[in-house]
Amino acid sequence: MENYLYTALFAPLASSLFVALFAARPKMLFTGIVASLLIAISMIASFVLLIDVNTYGPLHVSMMDWISAGNLEIPFGFVVDEVSVIMMVTVTLVSTIVHIYSIGYMDHDKSFNRFFSYLSAFVFSMMILVMSDNFVGLFIGWEGVGLCSWLLIGFWYHKHSASWAANEAFIMNRIADLGMLMGLFLIYWSVGSFQYDEFFASLKTMDSTLLATIGLFLFIGAMGKSAQFPLHTWLADAMEGPTPVSALIHAATMVTAGVYLVIRCGELYTLIPDVGFAIASLGAFVALFAASMALVNNDLKRIIAYSTLSQLGYMFVAAGLGAYWIALFHLMTHAFFKSLLFLGAGNVMHAMHDELNIKKMGGLYGSMKATAILMSVASVALAGIYPFAGFFSKDKILEVAFNEGAYFLWFALFIGAGLTAFYSFRLVMLVFFGEKEYEKYGIHPHEAQPFVIYALLPLGLLAIVSGFLEHTFEGFVTRLLAQYEIHIEHGTEALLIAATLGIALSGIAFAVYMYRRGGFPKSWEERFCYKLLSNQYYIPKLYELYIMRPFSALANFAWQKIDTKVVDLTVDLIAKMVYSTGEKSRKMQSGNLSDMLRWMVVGMIGLLILAFVYRPMV
Amino acid sequence: MITLTHYFILTGILFSIGLVGVMRRTNLLMLFFSTEILLNAINVGFVAVSKYYNDLSGQLFAFFIIAVAASEVAVGLGLLILWYKRNGSVDLNSLQMMKG
Amino acid sequence: MEHILSLLVFFPAMAGLLGFLVAKESIRAYGISVSAIEFFLSIILWIGYDSTNAGYQFVEYYPFISSYGMSYYLGVDGISLFLVILSTFITMIALIALSIEKEIKNLIISVLFLEMTMVGVFVILDVIWFYAFWELSLVPMLYIIGAWGSVNRMYAAIKFFLYTFAGSVLMLVGILYMGFLYHEATGIWSFALPDWYLLQVPFETQLWLFGAFFLAFAIKVPMFPFHTWLPYAHGQAPTIGSIILAAVLLKMGSYGFVRFSLPLFPDASVYFLIPVAVICIIMVIYAAMIAYAQKDMKQVIAYSSISHMGIVVLGTFAMNAEGITGSIFLMLSHGIVSGALFMLVGVIYDRRHTKLMSDFGGLASVMPNFATIYGIMLMASVGLPLSIGFVGEFLSLVGFYRISWVMTLLAGTGIILGAVYMLVLYKKSFFGEVVHAENKTLKDLNAKELTALIPLVALVAILGIYPKPVLSVIDMSVQKMLVLMDQKAVLQETKELLFKANTIGGTN
Amino acid sequence: MYEVIAFYVFAALTIGMFGIVVTSRNALYAMSALAGGMIFISGFFFILDAEFLGVVQIVVYSGAIMALYAFGMMFFDTTRDVSEKMRSKKIAYSLSIASAVLVVAILCAPLVGESVEALYPSIEGVGNVQMIGVVLFTKYLVPFELAAIMLLVAMISGIVLASKKMDEYLAIEDEDLEDVKEGR
C-alpha cells in the first residue's frame, strides 16, 4: 500500500516538474493532458487508499529524516488515516476536474504550460499538508499552498491588481503562519516532538492553560489560511487569479486547510471547550458577516468568494463545537458544490469575455443551458435544499449549534442560511435570467467546449447525491474522530429542519421574486447599509489607512530619519571629530625646530610627571 | 660631605641650562652647543651614580655617550655646513619645510 | 590529508602571488580554476571529516613563538567545517559570475587573498593568528570596494575599513588580557583556543572580556546600531564584493560569537542574553522596515541581510543545540541565498546599469529564467519550507522560544516583514507591464550566469529537503560546546539556564 | 673637605660657563665657554675617581669636538653677532626649570634603594683605567665595536657632507642640469 501512498503524493510533483520543463515555451496541449493524467493517477491511488483504509485501517510511513538538531527530530512521515484519506480524495477529485477544465479554460493563454505546472505544484503541497504525520510536515504543505496560491493569484502578473492581490494573500497568510509557528514551538517544548500521535498521547498530562495557548496559536494559523476575520480580506482579492484557481484553491481545498487543522487537532480542542466556543463564535460571526457582503456585490467571483468565506464560518462552528466529523463532511460537500459553482462562473466569464459584473449579464440561460443548470444545482446545494448535498451537512451544523445550547450561534447561522439562499439566487437570476444586458455591450456569449461540461458533470452529480453518504461517512471518519451525539427530540429536530428549509426556500423565493421584476430600485444603492456592505465594511480601507500607510511612513521615517540622520550621523560625527582634531592640531606642526623642541620638552615633562607619580615606592 | 643628591641637583641644573639653550637659541650652531651641555650634564650624573654605587656601568655609559656625541657633531656639522652653503644662514627660522 | 588545512589556507594566496605572472587574457580562467581547486580541496576535507567525532580534526600544531605561547594551530570541527566550504564555494561561484573587465588581474588576486583570510579565520585555532586573519580580511575587501566600486566608493571603502577595524582593536585588548589571565592561572603563556576553553574565568572578568569581544563581532555581523557601514559597502561594492561580503565576511562575526563568546564566557553570555536578544529583535524589525523603504534593489537585499543576521545571532544566544545548530545552518543558507541575490542584482545591473526598482517592472515576461531564479531565491530568503532558508530560521526560532516566547514572537515578525519587502521588491521589478522601453530588449541569463546560479539553486533545494548530513555534523560539535559551557560556568544561574534551555517540558 | 670645596668651585664654574654658552650672542665666546665648561666637567670626573673618563672628556670633548666646532665655524661668519629672534622666553625658561625640578625630584626621591648591587664593582687596588678596560673588552665588547663603526661612519659622512665637490652634486638644480648637458 505504501506504493499507492507515494503515488498519490508524488504524482502531482512529477506532473509539476515535468510541465515546468516547458514552462517558458508557448502553449503545448500535451502538458495539460499529462498533468491531468498524473493528477488522475493520484486520485485513483487516493481512492484505492480510501478502500484500503476502510478495510485495514490507517497507514503510516516514514520516508526519511528531515531536520534533526539537539532533541529535535522531524521526519518526512506520512499518515493515511480516515481524516486524511477523505481530504486526499476530495482534493484529488476536485483537482482532477479542475485540471481537465483548465485545458479548456486556459486554451488561449500563452502561459498555458506554466499554469499547469503551478496547479500541479499546488496539488502536491496540498497533499503534503493533509498527509503529513507531524506538524512541521503540515507546515511545509501549509506554506507550499501559500506559495502556489501566490503564484496562481498573480498568474497574470502584468496586471497590477493581480500581483497586488497575490502579495496581499501571501503576507496575510504569513501573519497567521507566525501564530502557527508559535504554536508549533510551544508544542515542541512541551512534548519534545512534532508528531501528531506523540502530541495527542501527551495531551492528558498537560495543564489546560498550556493547551489553550497551543490551541489559540494553532487557530491563528488556521484563521489566516481559512480567511477568517480579521484576516479575511485577501480571499476576495484573490479572485484576481484565473477562475480554475479560485475553484480549486480558494473554494475547495486550500482555504479549508484551517478547518482541516482544527479537525486534525480535535483531540486538543475537545479538551479546551472555551477555545472551541470562541472558534465557533468567530465562525458564526464570519458566516453572517461574509454573507452580508455577498448580498450587494456585483462581481460574479467575489460573490462566490464571500459565500466561501461564509461557509468556512459554518465549518468552524461545527469544528469549534466539537462536531468534527460534521465539519469535515461539510468541508467535503462544500468542496464539490462550491468548485462547481466557480467553474460554472468560469464558463460564464469566458462567454462574457472576462466580464465580471453580473449587472451586465442576464438572460444567459438561452445560450448556455448546461452551465446554467449546473450552476443552479450548485446554488441549490449551497442554499441547503433537500435533497442536495448542502442540506445534509449544513443542517447538521445548525443542529449542532442548537444542541450545544448555543442558541445565539444557531440564530446567526439560521439567518446566514437565509442570506445564503438569497444571494445565491440573486446571482443565478441576474446572470442567467432576466434582461439580456450583455447585448448592450456587443458580446456574443457561447457555451464552453463539451469536454469542459462533461468534466463538470461528476461535480454536479456529487453536489446532488453526496449528502446521502452521510451515515457511511460518519461511520468511517468517527473511527478516528470523536463521535458526536445530537440529543434533540425528534419533534424539535423536525421543526428545526423545517425552519431551516423554510428560511432557505423563502430566501430563494424572495430572490426570484425580486429579480424577476428587475431587482431592487436604484435608490437602495444610496443607502448607508448598501454602501457599508459594498465597501466590505470599509475594512480594506481601514487596513490601508491604519496599517499599510503608517507602516510605509514608519519605514521611511526609520530609514531617512533614524538610520541616516541619527545612527549613521553619529558614526560620521565621531569620524569627523577625529578629522577635525587632526585639522586643528596640525598647527602644532609648524615646521619650526624650536617649536618642536618645546613640544618635546612638554612631552618630556609629562613623562617625568608620570614617572614621578608612579615611582616605585620603596 | 658631598652626597649623590648634590650631584643630582648639579645634573639637574646643568640639564636645565641645556634645555634653555635648546629652546631659546635659534642658531643651529648654538643648538649644537646646547645639546653638548645636555649630554655632559647627564654624563656627570652617570659617573656620580657609578661612584656612589661602586659600579662601573655608569662610567661605561658615559663613555658611550661621549662616543655618540662625537659622531653626532661630525655628522651634524657636515650637514650644517652644507645647509649654510646653500642658504647662507644657519638660522632655524629658515628651516620650516616640515610644516604640517 | 595531514596538511590539508594549511593547504586550504595558503593555496589561494600562493596562487594569487603566482597570478601576477599570468597573462591578462587568461587570468579569469586561472582564477576560476584556482578557486575550483580550492573548493575541491574543501570537499575532500568534508569527505575526510569523521562525522562521529565532535572535536577538532586535521589538527596541525607547530610552535611559533613558544615563549609567548603563540603557535600555528589549525583544526576544523563541525562548526567551522561548513563555513570553510561556504567560503570556497562562494568564492568560486563569484569568480565564475565575474563580469568586470577593468584591472581584472588585480581584482582576481585580491579575491584570492581574501579567500585565504576567510578560510584562515575559520580554521585557525590560535587566537593571535585568528586576529591576524580577521584584520587581514579587511585589506582585500578595502581594495575591492575602493577600486572597483561605484561613484562613492572611497567613502564606503574607508568607512567599512575603519569601522570594522576600530571594533576589532578592542578585541585585541581582550585577547591579550585573556592570554594574560591564562598565564596568571597556569604559569605558561598560551593563545591556543582549546587551551583557553579549559580556563574558568571569574564572572566580573567575563563581563569585561565579553564586552571587548562583543564589539568586534557586533560590528562585523553587523548588529544594530553598528550596522551603517553595511549599506554603504554594499551599495558601492562591485557585485563580487557584495557577494563575498554578504555571504562570508558577515559570518565571521556570528562565527565569533559561537567560537569565542559562548564557550569562553558562558556566564557573561547568559548574563547579556536579554540585551543581546533585544538588539537582535531591533535588528530584525528595524532593518526589515528600512528594507521596505528602499528604492534601490541592492539596498533592499543589504538591509535584509541585517535582518537575517539578527535571527542568526538570536539563535546563537538560544543556548541550546537547536538554536545554535540552527543559527550556524542559517549562516550557511543566508550565505548562499544572499550571495545569489546579490549576483542576480549584478546580472541586471550589468545590463541596465541601474539598480533602482522604479527603472524595472515587468521583467518576468522579458527575462523568464532570471525571474524564476530570482523567485526561488526570494522564497528561500523569506524562509519557505523545503528551501534552505527555512531550516535555519525555524531551528533558531525554535531554540530561542525556550528562552522567551515574547521575544521569539517579535523576532518572528521578521518572517512577515521579510515577505513584505521581498514581495514588494519582486512586484515592483518583475510584475506589471514593461514600462521602460530599454527593458523590452533585455537578454535573459547567459550561459556564464546560469553556470554560476544553477549550483546555488540546486543547493537551495537540496539542503532544504535533506539538510541532515550538514545538521548532524554541526549538531555534534555544538552539543560538545554546550557541555563545555556547562562545565565552565561559574554561576549557578548559568548552569540552570543551560539546563532549562536544553530540556523539553517543564514550566515556561 | 677639599672635595667639598672642589665640588662647589667646579659646580659654580661649570654653571657659569654653560650659562655663557646659552646666553652669549657671539658664537666664538660661546664656543670658548663651552670648551671651558667641558674641562671643568672633567674635574668632576676626577673627583669621582673616574680618571679614565676625565681624560677622555678632555681629549675628546675639549680636544676633538671643540676642534671640530672650531674648524666648522671657519665656514661661518663668526665675528658677527648671532642675531636671534626670540619668541616667548618665558615658556622656555619655565619649561626648563620645571623639567629640572622634576628630574631632581625623581632622582632624589628614595627610589634607588639600598639594595642596589653592583654588577661590576671596582676592586680595591686595581686602577680605574684597568677596570674599565677589562669591562669594556668583555661585557661591552659588542657595543664598543659598534661605537667604533659608528664613529667611522660619522667620520666618513662628515667628510662627504662637508666636502666641496659633493656639495655641488647634492645641491644640483635644474639649471645646473642644463649646464651639464650643454657641456659647460
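The chains carry the letters A, B, C and D, assigned in the order they are written, with residues numbered from 1 in each.
Operating definition for what follows: a contact is a pair of C-beta atoms (placed from the backbone, for glycine too) under 8 Å apart; a residue touches a chain by one contact, two chains touch by 3 or more.
No experiment lies behind these values; they were computed from the predicted model shown.
Student: Pick out whichever of the two, A-D or A-C, is joined by more C-beta pairs in contact.
Tutor: It is A-C, judged by the count of C-beta pairs in contact.
Student: Please tell me the distance, in whole Å, between the geometric centres of chain C and chain D computed from their C-alpha atoms.
Tutor: Computed from C-alpha means, the inter-chain centre distance equals 62 Å.
Student: Centre to centre, by mean C-alpha position, how many angstrom separate chain A and chain C?
Tutor: Averaging C-alpha atoms per chain gives centres 36 Å apart.
Student: Indicate the whole-number Å distance between the mean C-alpha point of chain A and the mean C-alpha point of chain D.
Tutor: Roughly 96 Å separates the two chain centres.
Student: Could you work out how far the Cα centre of chain B sits from that of chain D, in whole Å?
Tutor: One centre to the other, that is 5 Å.
Student: Name the residues of chain A that each touch 2 or more other chains.
Tutor: Within chain A, residues 594, 598, 601 contact more than one other chain.
Student: Send over the residues of chain C in touch with two or more other chains.
Tutor: In chain C, no residue touches two or more other chains.
Student: What are the residues of chain B that contact at least two other chains?
Tutor: Touching at least two other chains: 19, 23, 26, 93.
Student: Could you tell me which shape the graph of touching chains takes: line, ring, star, complete or other?
Tutor: other
Student: Name the touching chain pairs, please: which are they?
Tutor: All chain pairs meeting the touch criterion are A-B, A-C, A-D, B-D.
Student: Mind listing the chain A positions that touch chain B in their complex?
Tutor: Residues 586-594, 597-598, 601.
Student: Which residues, counting only chain B, touch chain D once they are in their complex?
Tutor: Checking each residue of chain B against chain D gives 1-2, 5-21, 23-27, 29-30, 32-34, 36-37, 40, 43-45, 47-48, 50-51, 53-57, 59-60, 62-64, 66-75, 77-82, 84-86, 90-91, 93.
Student: Which residues, counting only chain C, touch chain A once they are in their complex?
Tutor: Answer in residue numbers: 159, 162-163, 224-225, 227-229, 286, 289-290, 292-294, 320-322, 325-326, 362, 364-365, 368-369, 372, 379, 382, 384-386, 390-391, 394-395, 397-399, 401-402, 405, 408-409, 412-413, 415-416, 419-420, 423-424, 427, 430-433, 465-468, 471-472, 474-475, 478-479, 502, 504-505, 508.
Student: State the interface residues of chain D toward chain B in the complex, per the touch definition above.
Tutor: 3-4, 7, 11, 14-15, 18-19, 21-22, 27, 30-31, 34, 37-38, 41, 44-45, 48-50, 52-53, 56-57, 60-61, 64-65, 68-69, 72-73, 75-76, 82-86, 89, 91-93, 95-97, 99-101, 103-104, 107-108, 112, 116, 118-122, 128, 131-132, 135-136, 140, 143, 147, 150-151, 153-155, 157-162, 167, 170-171
Student: Once bound in the complex, which stretches of chain A touch chain D?
Tutor: 594, 598, 601-602, 604-605, 608-609, 611-612, 615-616, 618
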